[in-house]
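Scrolling down, you'll hit the structures one after another.
Both complexes below contain chain A, partnered by chain B and then by chain C.
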Partner chain A sequence: MYRSLYTNRRSFIKKMAVLSAMTAAAGMFPGIVFAEEQERGIPTDANLDWKKAPCRFCGVGCGVLVGTENGRAVAVKGDPKSPVNKGLCCVKGYHSIMALYGKDRLTKPLVKKNGTYVETSMEEALDLVASKMKETIADHGKDAVSIYGSGQWTIPDGYVASKLFKGCIGTNNVEANARLCMATAVTGFLTSFGLDEPMGCYEDIDHANTFVLWGNNMAEMHPVLFSRLLDQRLRRGAKIIDFATRTTRTSMAADKSILFNPQTDLAVANAICHEIVNNGWVNTEFVKEHCNFSKGLTQMGYGLEDHYKFTDKPESITFEDYKAFLADYAPEKVARLAGVSVKDIKYLAAHFGDPNKKVMSLWCMGMNQHSRGTWINNLVYNIHLLTGKISSPGNSPFSLTGQPSACGTVREVGTLTHKLPHGVVMNKEHREFAAKIWGVPVENIPAKPTYHTVEMFRALDRGDIRFMWIQVTNPMVTMPKLKRYRDGAKKEGRFIVVSDIYPTPTTDIADVILPSAMWIEREGLYGNSERRTQYFEQMLEPPGEAMSDTWQLVEVAKRLGYEKQFHYGRESHIEEIYNEYRKHHEGKKHNMAPLEVLKSQPGALWPYVDGKSTKWRFNAKYDPACSNGKDFHFYGKKDGKAVIWQRPYEPAAEEPDSEYPFWLGTGRVVEHWHTGSMTRRIPVLHQAMPHSYVELNPGDAKRMQIRTGDKVRLTTRRGKIVLPASVNERGVPAPMQVFVPFFDENMLINDITLDSFCPISKEPDYKKCAVKVEKA
Partner chain B sequence: MPIKSYLAHPHKGKKEYLIQALSAIDECEVLPAENVEVIILVTETDTRQEEADLKEKLEAIPSLKLLAMVSGFDTPKN
Partner chain C sequence: MKRIGIISLFALLFAGFLINWLYSYEKGREGAYISISDAKDPPTILSESAVFERSGFALEYVDMPVDAQHQRTLDDYYKNRAYPGAPPSIPHPVKEKRSMGGKVCLQCHQNGGFVEKFKAYAPVTPHPAMVNCKQCHVEQQTQAYFIDTDFYKKPAPAVGTNNALPGSPPVIPHQLQMRENCLSCHAGPAAVKELRVTHPERINCRQCHVPKEHQFETVERFVRANTMSND
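The block that comes next holds the complex of A and B.
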């Protein structure tokens, strides 16, 4: 038997209860102070220096105040001036500074020699990295070197990575782990609107009458924002509808919980559109003025094979064509497939169809880690476009993110193979624009994207890539079908550099480990889910020889001979880099706030025009970039119109069968942030959730005589894993489904997941594969 | 059994009385706001009967004007 998961559960839940109440209070009484809770643990005689920063963890971007004393961070509290969290934090935020002080912080560079790691100086380690890059390029070509970063990269980190690899070296082998979490949101936005990122902002929460959560366990993943939803229910009677495949804390807190069978959200979304069209709920004037109808290719496959390629071929259709397509999605036809009653489908549709209700849709990994993820993003936009419930306060389809700068760095700087800070590598004008700012010949930037993340690790396995620099991410925990990619990375002739703050399964595969400065040990900027760019200054000295990822890249760039492009001063480089980066986004559609503004306030929303943040894009009342003389202008598309897409239901890549009869889905828990490399070093969080587990439906568990704590063996076509069972504890999966969190490096669930992905976004589907479940 | 959090609003000028009254109940923990007339109340009970008894006790507090529930977690006690 394993020890119960929840030794300290009740005290932990009490903490959550307090935080929920504090959030509600903050919404009702701006500036309210709960000194006892917020300053608990601060020495009474402390003389602290409080400075602002965005939280290090998720994509919500809460403002925190960090108290330092004698060169050490000793306290943290929510920033009451931050419009994001209004003075509150979740449990991770309140404990964030403890992640700086884990006992096993990496402080010296390590180089693998004869199978063991040997300490060396930073100068020597950076020399070695640069020489190995030169050697690899000389022997195998420039497309044999690559960099893999993340949505935890600060904006300057990602910017210099892109400039070095795309602009100077001349390879598009730049990817980031955000490919695994929100690439689908990007392609959803681009296909529907032509421009990435939400049109609205968190202020929508204060106006919406109904919140529809699409496969989004906000109570655990975005607790501060969820508290804002609860507060609006308390104050204004707003409704929360949880539409999910598993019963979670969010379901329990919602006004209505609707469960659907995995993958069938596609069918239900179309059924909602069917109801909107057939009940006369279409906002005809809005659709006529501002929308087009299109369809794309179907039966695209799932990307399971190496070198898989797919390019959609959009084709215009009429409203009548679209209406005919929806005939197959009448609620009566969809109910059986989706496991959702006709009544519940109509209930959902009625919320969107009611002209007197403002509706906000929120989603995150449930819709993005989906083998038809771009499609389901399009379908939710369809619902909002058909009803005209978009780009106005409270009417908002809102894609949330999970990392502090997934938007700011990966999406806006463009650290993906096809992207540039402004535009894409395939576009000659965009390449010319980037090359001019970067001070490189335009010919340097290749016109073709190379590898998306899964294919990049496949290329490493095959030997097409020989050198990979991994910064601030942990792919040896997060890659699906992990064993193949771990074995591939360990092959002879591969050279792996890992920059991180703690040892992880990814540093285990490294030839060189570079110790990184973390968060407030350096200066930087993050961009959150609502287009808010936030600045933080260096408050602490990094330990030992630890160095920021930005400066590591600058040092290597200089060693490679790019002194001219990387001329930045050590003391001023963040300001110089940010000012250079801002040039890529000049103009009313994406202007970034000046650094001095970001230093003076808790961030600003882009487009930042004439000294003001833009809260609702594409709405002429709020967005100065609208220029068509109408009330709305979807200027991301040439004709100024958004696209309503005809996208059908198609099954997942691998569905349960007689041999593997259960669905396996993976995800996160409130205590740990992603792979747990930081939060597992925070004692209170680690003790609250010390290891992973497999959640079973109580009926299935009873039939199989499995109780909480019993060992359970999960087997897929990729391998096996044994985990302790969790029955009727936190989450409750539907019958014949199991759920496993991925934070535990000692129980690597991704060894058995499937590397299928959305053919358009190339984002893997971590939520669906077939598994056999046995008592071990 | 339930752990619940509430915002407790006192009658005008009765915040200190309310803090004292709530603090005297075993199942209650209080966290007063510094600068606003509101108190966070967290309750923890083991049985449905205890929950019902607590409800009666709270309703009988004269300094309590309004009790608004924010969250409730029905969690097993290991």
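The block that comes next holds the complex of A and C.
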């Protein structure tokens, strides 16, 4: 009757041979097939000028080529030369340039006078910002002024901000929104390895046999990397395991989907270690040579109260102590708590334990926005350290990021209260080193960190902070327990400056709004999740008086009297700043690639040593900084050994009870990026995802007689909000859980979320609080 | 002596068997203890999961030549539907009149392939789970009308004009309900040339191609609300 695809075995084998040849060719010229095909869709009369840039949106850092014509950006394609995305983008990337042309683009500075905004010139607005800063410092002290930046800051933006506030003004009131997303990844890396950022790179994907996604809806949030996973599955039969609290597009694509109860990932990770230790899957030689065991304080609290402080006290333990600790985490004991079957726990453990399998763990906000986030990061590193599956191709615990320069700017430049470009403010040598490069007296840099993000907004509410400059971020959508911080920011005697490209809920609270140049309207650099630094040139003129965030800061710094430290030339300042910044990272452990290199290729991975990117850190075969003569050297720690941490399970800050019986989790969707201030102005994306919603489990919805589109009221101890229901659409939460995306400024879910945070990283837990659900 | 030797050999073997048997029985009991909480199957989201169906064939699809001689045209494709998005009628005679369809239809329409009898490639159904085929797809007994109709047949979405930017991925110009599985119509030998995707190996289709129309409602313009209204 009909010919099946597989009936003719010979032709099938032949086809496979042809295909594998094609695959090999595609491997040599990755993505090129795809980009060419895409180009055919472009009208032949198009006389486009294509220039390379990293994508404006997430932390994957795809290389894009932007086509410009007559001074306007008109098309985007994936950069086939970029090893990150090999010519592919996601729907946001392909339409990213449309975010430049929203009708309500801010083009003139606005100053609030008697309750209304009045247009002024940039000169005047910057004068006002500088004089307000001087006034606030004179009246309330240095620690009353602050800057709140972003993982969307370019490297030069963050660098001049840190130099101005820490080096010149002399306050550690420098924070960035990455505190809300990557701070836990940082403390995870620092506690386990002593140095921040992943040891591996995206190339691990091409070698791994199993991908374990820890609470990570990659199909929507990191779609381009996920397509590389799918590709490897298709070509090599790699396995994708989705380990999550909610069923998503990723669960649908995965080979195996395992659901667990919120917060119990801590217990399951320990159960996996229990299996590894008790089944003899420990790579004893690796552990003996390269690992230490430690424990820290427990029952640390949740940071719910103002002025909350916590410092961990690490204590050495033996392997026997650790083994005894794990006895409480036998799969049989964990199963009920976690809602994961013993079989599934053993299945996960078996993938990690199999010495012939290369395993890559991937995670993002599920593990980072976690009231015990540093712990769960440590626990996943434990699994990889116990089995020695780390720092080699395909064996890689990999922490993904959500913003284009969360790594490049916030983590590497160090725009957090305790950080310096190299090292921390608490360390005298680090302060001296930074002060020397900055050309400021070392006494300028205070040795004590001040406020982390949540505490900084609390300080603004209390009145300890009087002046805040917010750049490239939208905290009036993203802060947890938002109402308190919005009310605080609106109080008398607070002065808020906001630099942005569109009106947002954050510009609504501003006293001065500065129009910024966006992305390719200026020159800059981003750093992505795999330590790749990427450069982009200015391709377009910014609209009206819009100015880059870097130059806004430089102009204000000059007005404050720091001409000497900010003597950069208008045309050459990005190059000058980057070259100055590179001095902080000199040496084999963190050397940054020279600007000429970054201009000529789609980025380079640091440490960039002897003209080469370092793909796998801590592995002597690939990393020239290894100096102990062994195969691996975890040189972030003084003894060259990584730490396996004893971290127990502890409950979340607020768990469902009889009054608030549901879990509330928040997150994102593929169409919109973060608070939607850019993507909602892209017609294609708005039409595909016009507003937020609350996802319910179909069983719960049926019981409460709620159908898709019905209004649902969510009430927490912080307040209430009404949202349309979504049943059996994009995602399905587990029974007695609801999920709400946070991109919609007209439905501010963060008004009702909880501001509990990980005591070590101070990063809030947006994934867990208790909520009451009713049909409205 | 010899006999004792043989007996003791067998006795030893039997004892060994017993030990082994008991040991594995005990092990088995341990294993049986495992199911404290039963493994529960995660729910399926049809609109999400169906995208990935047939992805096992994706590499085959990449290498699929267009068989010009037996190819359906775009015209034929739409002629067989009352309006774009309507269930196509059955364009070939059906021998089995009584059955609802089911296996008889799926034989050819589940995975497709060349049908000698009709000299055509069988189109693949995007919803093989729905087996009462003939509740929507009916056989045409005649091409004549009872009475002429004033029904307006909406033109099909044009091909190649659904992108917002030159070269950007086209949006999905049709509804997705019952057509969640992209590859069934956009890849394979039965797919109409104009509708074929050039890159079927990129399985996560909707990471680039998003629906143009929201499924359940008309899309309003994005207007910034007064953000203080939640207070």
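Keep this in mind: the second predicted complex is superposed on the first by the 734 of 776 C-alpha atoms of A that agree within 3 Å, B and C clash if a C-alpha of one lies under 4 Å from a C-alpha of the other, contacts with A are read in each partner's own complex, and residues count from 1 in each chain.
FYI, a residue touches a chain if its C-beta (ideal position, glycine included) is under 8 Å from a C-beta of that chain, and two chains touch if they have at least 3 such contacts.
Just so you know, these numbers come straight off a predicted model, no measurement behind them.
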item: Which superposed partner A:Leu230 touches (first chain B, second chain C, both, neither); value: both
item: First, second, both or neither for A:Gly402, with chain B first and chain C second; value: neither
item: Chain B versus chain C as contact partner of A:Pro83, first or second or both or neither; value: neither
item: Of chain B and chain C, the chain that contacts the larger number of chain A residues; value: C
item: Touching partner for A:Pro480 - first (chain B), second (chain C), both, neither; value: neither
item: Partner chain in contact with A:Arg680 - chain B first, chain C second, else both or neither; value: second
item: Which of chain B and chain C A:Pro505 touches, first, second, both or neither; value: second
item: First (chain B), second (chain C), both or neither touched by A:Ala253; value: both
item: Common ground on chain A, meaning residues reached by chain C in one complex and by chain B in the other; value: 4, 18, 22, 34, 37, 230-231, 234, 249, 252-253, 728-729
item: Residue ranges of chain C touching chain A (in the complex, touch as defined); value: 33-40, 42-49, 51-52, 55, 57-60, 62-63, 107-108, 111-117, 122, 160, 163-169, 171, 198-199, 201-204, 206-214, 216-217, 219-220, 222, 224-225, 227-228, 230-231
item: Residues on chain A engaged by chain B in the complex (per definition of touch); value: 4, 6-7, 9-10, 13-14, 16-18, 20-22, 24-25, 28-29, 31-37, 230-231, 234, 249, 252-253, 728-729
item: In the complex, chain B residues that touch chain A; value: 3-7, 29, 31-36, 38, 40-42, 44, 68, 70-71, 73-78
item: Contact set on chain A toward chain C in their complex; value: 1-5, 15, 18-19, 22, 34, 37-39, 41-43, 46, 48, 67, 74-77, 88-91, 94-95, 97-98, 104, 219-220, 223-224, 226-227, 230-231, 234-235, 247-249, 251-253, 257-259, 332, 335-336, 339-344, 346, 476, 483, 486-487, 503, 505, 508, 670-671, 680-690, 697-698, 708-709, 719, 721, 728-732, 745-746, 748, 751
